[in-house]
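Chain IDs A, B, C and D follow the sequence of writing; residue 1 opens each chain.
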Amino acid sequence: MTTSEALSEATLRDYIARFSNWGRWGEDDEIGALNLITPACIARAARLVTQGRSISLTLPYDAFGPQNGGFRPNPQLLTTATGTDHLGGAQDPLPGGWGPAKGFGYADDTVILPTQAGTQWDALSHIFYEGRMWNGRSAAEVTSKGAAHNGIEKLTGRIVTRGVFLDLATWKGVETLEPGYAITPDEVDTYCADKGIAVESGDALIVRTGFMSARRAAWGDYSGGAAPGLSLTMAPWLYDHEIAAVATDTWGVEVRPNEIPVFQPLHLVSLVHGGIPFGEIFDLDALAVDCREDGVYVFMFVASPLPITGAAGSPVSALALK
Amino acid sequence: MTTSEALSEATLRDYIARFSNWGRWGEDDEIGALNLITPACIARAARLVTQGRSISLTLPYDAFGPQNGGFRPNPQLLTTATGTDHLGGAQDPLPGGWGPAKGFGYADDTVILPTQAGTQWDALSHIFYEGRMWNGRSAAEVTSKGAAHNGIEKLTGRIVTRGVFLDLATWKGVETLEPGYAITPDEVDTYCADKGIAVESGDALIVRTGFMSARRAAWGDYSGGAAPGLSLTMAPWLYDHEIAAVATDTWGVEVRPNEIPVFQPLHLVSLVHGGIPFGEIFDLDALAVDCREDGVYVFMFVASPLPITGAAGSPVSALALK
Amino acid sequence: MTTSEALSEATLRDYIARFSNWGRWGEDDEIGALNLITPACIARAARLVTQGRSISLTLPYDAFGPQNGGFRPNPQLLTTATGTDHLGGAQDPLPGGWGPAKGFGYADDTVILPTQAGTQWDALSHIFYEGRMWNGRSAAEVTSKGAAHNGIEKLTGRIVTRGVFLDLATWKGVETLEPGYAITPDEVDTYCADKGIAVESGDALIVRTGFMSARRAAWGDYSGGAAPGLSLTMAPWLYDHEIAAVATDTWGVEVRPNEIPVFQPLHLVSLVHGGIPFGEIFDLDALAVDCREDGVYVFMFVASPLPITGAAGSPVSALALK
Amino acid sequence: MTTSEALSEATLRDYIARFSNWGRWGEDDEIGALNLITPACIARAARLVTQGRSISLTLPYDAFGPQNGGFRPNPQLLTTATGTDHLGGAQDPLPGGWGPAKGFGYADDTVILPTQAGTQWDALSHIFYEGRMWNGRSAAEVTSKGAAHNGIEKLTGRIVTRGVFLDLATWKGVETLEPGYAITPDEVDTYCADKGIAVESGDALIVRTGFMSARRAAWGDYSGGAAPGLSLTMAPWLYDHEIAAVATDTWGVEVRPNEIPVFQPLHLVSLVHGGIPFGEIFDLDALAVDCREDGVYVFMFVASPLPITGAAGSPVSALALK
């Protein structure tokens, strides 16, 4: 119905008016659409685990990640104790008054991790629209001390539900959807019908565009540049289908360049007003191989963010369990 | 049989000789006892999820954690974009050539995270004995660049199995076991018999001493000081029962001071030679409440570390699913 | 004349009205009282260097510094290459396509440095009063990206002038002035008369309370707690004497608790409105020894901050040259 | 005499044998050639300051520096308090029990600084040759805890001497010497004769190739790539002239590619064995302009590194004072 061609800033305001969940789960709510994940959703998801297989959906956190040294550096691992120190006798005696090593040695390290640099969940404090974030709270609550409300730690333990895998790249027979390609409700519906998937309330939508596969060898502008992704018109669809969370293999979930002259409008509708956490830079290639082999595109999705108090996002060890 | 009184450095060498798994899963193995988690273990664990409840076992990562500013600082969250910036007009236009904000605002941040500072898994590269780590590899492989083998990223996706909860503090009717208290096989067996738990190959053992509850309000020397924990005599028990992973609510799993004049000898036997990942600083209080209520002490345990390439450990969002 | 007893919030407003330098050096000025350091000041300072001695005024930047793990951690040094790696053969071949090492080895590291954690200059962007900083600029210019104006980098190269050393602890024959002790203009004038020092326009005032000596072995609440320091009544004195910069061996220059119920009022008058950079946590003990020996309390003071773009402060290798 | 064409690995060994200073200043010495800076050198340098001008030689430390995101990231400034927070009311009351703000606001931040990322001095613990560093100490002393000896903090306060400026780019009438161009003793002698400079014991040599000017707009492989620089044949010259320190506007002082198949051989002779600190990534463009104007190529050089305990290098606010 609505096509990209017809979209405008008016669409954004219309969508916000019609598809907001502010107040739906109370004035104090800080977890948004994750409220849709009921105990029944968790139990139903667990019943999908019959083969006993765990597939990681997380890109390694290291200097070879997709960031190019600008706004967000790649994760840096720095050491404070090493095996070479142990071998060189530098750990005898041990620090901290722990006494002689007598054969004991250890390695230790620190990681500097921009929370949005790799596979990550956006917190509901990550994005604002006209001074407000999820559930109408003021952006003034997100300061240099972090978020007083809606921080990522509120989502810890909450992202356990059925995952529905939209491997659009494989389905369309391409290595990757092209930058600028907008994924629409029609296409998603056709895909689900083709796979025999009935989307249910509380599901997590996991979308593979193939863009990570195509750029993995040489990231270029993978992070921050043009990309395939969800059309703004997916906002009503996500709302109507009561999707709890969305994750993609791109840096920003949405199609880039955006379809209207506002930056990341789907974030503004579905994350800020819908309360749906967005997962970005998920590595879905192993899952794609697995699903091509067994033909099963639904699974138990366990992807709980770290409780980094007040953070705008978190790295995550996301798993598809079958 | 073996009592703490009879333990000596000779015990350590004897245990290493008898309870090593080096070579058991091939010369190239880097995941150790996690090999014991078979597909059947994962499927069996998932069948325990009937009530649809998710309980987080992770302490918040922030400045109020248990580290006291010495060897390992608490996690630090530092901001690169805030809601107050958005409100102050500092994000219009957006960086990166993204153009005018038109109502769009965002928060962003970086976390500095010593990998062993909070709830965490020890990698099999974390501990050495006489120059060697898990599976006989040289400590020389763990340099300032991180671990070439046995790094924490090898364990990502692997820690999904049945969790067996030993809430010893509640069971003994104390707030906490005292520093120096050694948990022995006899006690564990009595507990399991009392709860009707049959430990099985591939299980994860989750041990609550109550020490975190007792120190949470004022950490003091919680990290690095004397603590209750597993006796060295648990090494044969862990081996015989084919335990895949062990986690506790203390900083170092083992009783401190150690029972013999070698630092952390259980690490040397069960982690270095047994290949069992140790989980430390787990927050087990919510789980204790939950288990007291439903009387169910086994659950699906999902606790996959982040794939931080080459790291000696990783924070983790650990979950008990029922 | 004015005594501490008579001070009030009205004094603060009065001082601000009378001792502000806003606009004095033009609307665009970002270096404040450092404008008082003329070429003649620099040349005059250099002429004081006759003995050829350099005395460092900087505390080591390391984990043993005065911060206690709360708001500002001590500096952390983390390694990325070590001599033990070199010895262990881990650097052969070298990274970056640099080829075989052939005997070459190296160490490398990264420091995480809270800019206010140790010996440091406050930037003119460090403090605000009622929404404004030096020269009337809005606090809105200091965001998560740093300071658009008045950042510490503007002061680089500028702090080269005559230093006048007020070693009040030695002069009064005490190890340290006590916390809460307020240094007044009368006392400073008496000291200068006693030492035969005529303070001149563009001088830097270096004040030793002895508080660092007294707390160095066990810092306690040295950082952030009660401390001896300058009285608010020094504000007119600093203005009248055209002092270019002030540094002390305490964490905050001013006496703490403050003399009026406003936090750090001397900062509000002399830094925010006077444009005088404040130097804190300077280590003046070696200088005290040196001056007791030669009786010379004026010297060339070279203490240029690092040009950390937009930072609110900077570590500094401050030198007294004689 | 010796030309690049005739150089070989044998030259390296010959130079090390002939131009080493190990033991020259005692077995315990940790400052190397800085011993050559006598009180007379300092006083002589100060006498050069007649015009009262201070010229910064340091590149800004920020995200726009010469590192390209690989081995060493550019400095990162991260905020912990901002003016926008102050304006947004987020600082009232103040943290730390400091009470109500009453108009007081502040900014604070942390810098993550790879010690070799920008303008910096190499410590005498930065480079090893066959397991040894300056004065014969073992590389085993440089561990994940930093350098037990020869760390950069030993050089704090020591680099105050006469600077001799070799602005070779301007002198030769080029924007920059080309990558691979080796600066030889003959050329340096000719330059000094032309400028009427008599190099003296204890001088610091400041060499401008022009390479930073040429690459500043687009750094490319400035850091780590091919570069103009000192020939290995400068080693005898530096030794014979008793140069205390050398700094250039390139990333590694030496010509790259190196003249012999050993990585950075001049470091191995003159830094490891000669004990001469090397300064890298110095920004010498403002100095070049200044010297072209007044024709004075010698000055007081004050460039004291921060005392970062055990570090392999340090950022520095280097000044030329005239």
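FYI, contacts are C-beta pairs under 8 Å (C-beta built on N, C-alpha and C of every residue); 3 or more make two chains touch, one makes a residue touch a chain.
All figures in this text were calculated on a predicted structure; none of them were measured in a lab.
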Between chain B and chain D, the fewest steps along chains that touch one another: 1
Inter-copy rotation, chain B to chain C, in degrees (Cα atoms; steps of 5): 180
CA centroid of chain A to CA centroid of chain D, Å: 44
Inter-chain centre distance, chain A versus chain B - centres from mean C-alpha coordinates, in Å: 25
Set of chain A residues in contact with two or more other chains: 70, 76, 79-85, 87-88, 90, 95, 108, 110, 112, 140, 143-144
Pairwise touch network: line, ring, star, complete, or other: complete
Chain B residues touching chain C - in the complex, by the definition given at the top: 63, 67-70, 73-74, 76, 79-82, 85, 88-90, 95, 108, 112, 140, 143-145
Residue ranges of chain B in contact with chain A within the complex: 9, 38-47, 49-56, 58-62, 64, 70-72, 75, 77, 79-84, 86-87, 94-96, 98-116, 123, 125-131, 133, 138-144, 146-147, 153, 156-158, 160, 224, 261-264, 267-268, 300, 302, 304-313, 315-317, 319, 321
Chain B to chain D touching residues, read off their complex: 76, 78-80, 82-85, 87-88, 90, 110, 112, 144
